[in-house]
Amino acid sequence: MLLHRMTWPDVEAYLKTSRGLIVPIGSTEQHGPNGPIGTDVICPEQVAHGVGAADGVLIAPAIPFGMAQHHLAFPGTMSLKPATLLLVLKDLIGSLERHGFERIYFLNGHGGNIATVTAAFSEIYAERAASAPRLKLVNWFLGPRVRKLSRELYGDSEGSHATPSEVSLAWRAWPEAAREVEMSPKVAPKGVIRDAEDYRRQFADGRIGSDPSLSSVEHGERLYEAAVEDVRESYAEFLREA
Amino acid sequence: MLLHRMTWPDVEAYLKTSRGLIVPIGSTEQHGPNGPIGTDVICPEQVAHGVGAADGVLIAPAIPFGMAQHHLAFPGTMSLKPATLLLVLKDLIGSLERHGFERIYFLNGHGGNIATVTAAFSEIYAERAASAPRLKLVNWFLGPRVRKLSRELYGDSEGSHATPSEVSLAWRAWPEAAREVEMSPKVAPKGVIRDAEDYRRQFADGRIGSDPSLSSVEHGERLYEAAVEDVRESYAEFLREA
Amino acid sequence: MLLHRMTWPDVEAYLKTSRGLIVPIGSTEQHGPNGPIGTDVICPEQVAHGVGAADGVLIAPAIPFGMAQHHLAFPGTMSLKPATLLLVLKDLIGSLERHGFERIYFLNGHGGNIATVTAAFSEIYAERAASAPRLKLVNWFLGPRVRKLSRELYGDSEGSHATPSEVSLAWRAWPEAAREVEMSPKVAPKGVIRDAEDYRRQFADGRIGSDPSLSSVEHGERLYEAAVEDVRESYAEFLREA
Amino acid sequence: MLLHRMTWPDVEAYLKTSRGLIVPIGSTEQHGPNGPIGTDVICPEQVAHGVGAADGVLIAPAIPFGMAQHHLAFPGTMSLKPATLLLVLKDLIGSLERHGFERIYFLNGHGGNIATVTAAFSEIYAERAASAPRLKLVNWFLGPRVRKLSRELYGDSEGSHATPSEVSLAWRAWPEAAREVEMSPKVAPKGVIRDAEDYRRQFADGRIGSDPSLSSVEHGERLYEAAVEDVRESYAEFLREA
Amino acid sequence: MLLHRMTWPDVEAYLKTSRGLIVPIGSTEQHGPNGPIGTDVICPEQVAHGVGAADGVLIAPAIPFGMAQHHLAFPGTMSLKPATLLLVLKDLIGSLERHGFERIYFLNGHGGNIATVTAAFSEIYAERAASAPRLKLVNWFLGPRVRKLSRELYGDSEGSHATPSEVSLAWRAWPEAAREVEMSPKVAPKGVIRDAEDYRRQFADGRIGSDPSLSSVEHGERLYEAAVEDVRESYAEFLREA
Amino acid sequence: MLLHRMTWPDVEAYLKTSRGLIVPIGSTEQHGPNGPIGTDVICPEQVAHGVGAADGVLIAPAIPFGMAQHHLAFPGTMSLKPATLLLVLKDLIGSLERHGFERIYFLNGHGGNIATVTAAFSEIYAERAASAPRLKLVNWFLGPRVRKLSRELYGDSEGSHATPSEVSLAWRAWPEAAREVEMSPKVAPKGVIRDAEDYRRQFADGRIGSDPSLSSVEHGERLYEAAVEDVRESYAEFLREA
């Protein structure tokens, strides 16, 4: 049930059976020495496609660009400003609303998007006295099964950016991107995120608190299965919400 | 050390001793049957003034309006849209930066501001390749001493909007606003925040999960002391940050 | 009748008796060698509170930041750009309108706000074919009683920025801020306002055409009484307007 | 010296002799039963051209659209919102600044533009720490010779919109537009300007306080001469400003 | 039928006979060594006036400023940014729509406007689910009779900026602006348009691919006649469009 | 050479060999009874990937959302407003520029994007006096080999929306989306594009002038090869541009 591969009469038919869909949202940004730049898109995209296949849920095309300003000192990062991302979300949600979608579930792959997506939801609610569509933001990496598994697999080496979990899940989609890179230091430092130059000074290879040399395609497969279960459950609950 | 009561030569002198200051930020919005509409401003304002008095920290005038769209179905609420609040923060931070302030600590009284303030920080960082001032957002109600005390005093009746903690602290400033109101139900329901009409349907008197009939000026005094200690500690740490 | 100290049911009750309110608006900006930076906020705020107490008029929280770009070369000034202030006013007026307020009276403390507030009113009118709330901007310092008294007290030493009138009225609220500072020259020069650097070059200590060493708390009291009378009269007339 | 009839090498040559120019700005809006819709453009345009011819001052093309929202209930009015006009002015001033113009004198024909143009000047100053061009707004209808003459000619029948002065001056340019229309009432009512529907309710034929049946081409000629003298004097003074 | 010379009752009467009008739109920008800076405005303005005279079509005042950023390295150019021009068009179209105009025909004189005007039309359509006015953009220089004639007169020396066609047509309006300038090289180089500095580097005197020394007032007259016929035909067709 | 599958050190290495890249840009919109909604994205994406594989050119992630307002009356369409798309392009181009990219080639799949992308380029050029990156917009469907082949294959049945060419090329990527649908009428009507409701009224099944029942995966393969050759040639020329 991938929106982009369907025709408009297919979508018209789908709307007779359901008023909900999932929109993956990610970011195009550095993910350390061995993580693909598209990690934050491919992770929620894969998981959403898995949910779509399992439960017949419509999946929109992934939004590939997010709020990644703090990664801009690393080549390849492509970021939207918060104010721009806010407008993008308003336009896309407005489009879906016009077709009759009433529950829009954003499956997010990037922590840096959370604040702006949340602000966008408020902006949309503010413009409608009532009758706004229901909007929900869920981060695939915070689902209960995923967190349990990543703790088992990586413990304190999971960190918070360029984590072995997300790199493993990205490699599941793109096994040819998998590579062995020696990390130095093995576990990256932690710290506070500020502007892009400061980020690169603090976190020289882009990682924060993680050791993504622990990543593997096989882990990616297990994380994928956990994430699909987490999202199936959470999406079903969203549809049931009074 | 209240900016608005000082002259510009006073501020010029202060800048020779410190490059940091605290900006209280709140919201003007309904706080249930017995909470003042200005609760979210007066709480961080009081605490900031306490820190200013204790440690000689400069305190800016409080920003009285925040992102409160979901409260707009209750009369008296005055809200900024996220995109507007974002511009306000950019202008005010830009003003302070011009004078040489390098560490700007926002002491927040309203959960609904968090996403937009965080987005604004990113927007500011995005516009400067480097050399942005350091920005920090701290919620007075999440400090360790405050949380410990509110758990002791109210347990599960604290809730998440129009809480007895914030109402008590507001009454400390405005004892004449204290009043006994019977709450029905005693503890308000919980739920998901969406648009303003939906909010009022779900939460008929404005509270979420709380019983603010437990509030008192005396509690407010104890919460005030806890909050001042929390913020003194956290601000000092912010200044020390490498 | 201070909005921020009331609860939402109090405001709901007020709206049954009146559809009007007063919103003080000021600026956070340098006011010369002896004037508090918050002068332009505390002046209309005090006067509005006096009117509220006398006539039971609802008073909104003061808007503390205005259009003060030309003062930005003096530390402590915090300014909004005109385009930002315009959005702030649209959001706040829109909030009040939603609750049923039909006559919104802005009591202003800062000449630099006049153009932008006036433009904001037009922007709001332009967005509504009809049925816009009635909006009025009044400057406390231009009321007939105030002008008469300031002429008596200061004559040509009143000037146009950091005036003895406004400093006296600010000191009435914050007597501890009162201080003797020798002015040099005694009466500041006059000139045309342009950008911030130019302003500081022309007006080295921030004053324009004034001698605020003439200020006193006692004058502040007399100006306060004159201003409250001026605004009571003008607000009553605004309510009566066909 | 009309910019639009010159070539770019002509302007390059002019810039070696002067860094100043005049930009007429008007509005396209109803002007009562006998006033042309273009009155507010053609008035400052004619006067500017007269000054250009007399003193060799460069005259930019007139800005024909201004802030006229309150006239939108009368057909033919074409208005910019304040926020749009602000951006237009920023772009045009920025263009002129880039070529080396340092003193830009706006000759205005429409009271409704004053607030927004003034706000635009502040916005431009706010974006430049220093070195902004000098900007001045002058209303042709408030010059000393013009006011004296219009008082002589029309006394209390001048009013404030669709005045006999501006209609006479417009007819000087377009004599074929002159026409006799009986006004009813002879002198239009006065009142407060609010939104467009309200305006039409209050001022049924578009005039405010005026009797433009007194207009004549011959008066237009005298007003033209007075206005050209007023502006020559005021522009010369602007160039001399330190 | 010039809107700016009519009164509002005239426009009210016109609207009973037709719901369409023509809005000339141009640009204020360099036009090479012998072309007036106002060429792109005066060309569509003349043609529109001719159509208005022939067929009783209402003609709005010309929009004199367009998107001319690439000409900003030549003195005299006054440009709007695309985002600003987009807002201008939205405001003006919105004004006309309010009066009941249903078919708005923009007669354009500047290639650089096409993208932004087209985008503005889409923005307007996007904001209305249905019932938008019909909008059309026509370039006077691309009409069939004009293209045929300019090929006859100038062949390959027509070029694409500062063309002999547009200079001739501008001189028809302003014969005193006609002048002989030797072009070097006779026919200007061609190339790709990028930013303003790059433009001046590539096209030293402002022309692209043209030889405007071939221009004459007499050619202007013939081009005028051809253009008026082209536009009469195309406007009539626009009115007939189902 | 897919940016999203590379790491940042890979991109850093690439930048030592080339300062150019290709960014596919499309739209998510109805493509008639048998065309996938993602047609306009998958077409330029496939072609770009082919060029990347052949010549080692870096390919950015495709921008999946464009200006598709006129398709919004058909379910599944997700559109950005022109003003939003303009900001998206500014942010993404700014990101790439920061990393040192100097030539950015947009390979476009959607006619409706052309105006806004062109306006965005001007906006970017306008903000930089000089030293802007070089920007180029190329439509895959207008390359010489593609046009020749589509004329051969479809003649007058190609039309202008939901064309057999683009549907064939989309099916090449997603053969499972291929399907036989009887078109009625066989060749769709032609007409002028206005707002979304009008579009659906005129073009009941979404097609304009086309007969996409002629599409096939095998045609898609031939069109792909033609398009890759067209773009290889045009990109190489872009890199060589002085």
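The first chain written gets the first letter, and so on, giving A, B, C, D, E and F; residue counts start at 1 in each chain.
The rule we apply is simple: a contact is a pair of C-beta atoms (placed from the backbone, for glycine too) under 8 Å apart; a residue touches a chain by one contact, two chains touch by 3 or more.
Bear in mind that the values here come from a model prediction, so they are computed numbers and not experimental data.
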item: Given chain A and chain E, the chains that contact each of them; value: F
item: Both-way neighbours, i.e. chains that touch chain D and touch chain C; value: none
item: Reference chain E; chain at largest CA-centroid distance; value: B
item: Cα-centroid distance, chain C relative to chain E, in whole angstrom; value: 48
item: Between chain A and chain D, centroid-to-centroid distance (C-alpha), Å; value: 55
item: Residues of chain B engaged with two or more neighbouring chains; value: 72, 79, 81, 83, 98, 129
item: Contact graph of the chains (line, ring, star, complete, other); value: ring
item: Circular arrangement of chains, read from chain E onward through chain F; value: E, F, A, B, C, D
item: Interface residues, chain F side, partner chain A - complex; value: 2-12, 15, 28, 30-38, 41-42, 60-65, 72, 74-81, 83-84, 87-88, 90-92, 95-96, 98-100, 174, 176-177, 206
item: Complex contacts: residues of chain B adjacent to chain A; value: 67, 69-70, 72, 79, 81-83, 86, 112, 114-116, 118-120, 122-123, 125-126, 128-132, 134-135, 192, 194-198, 241
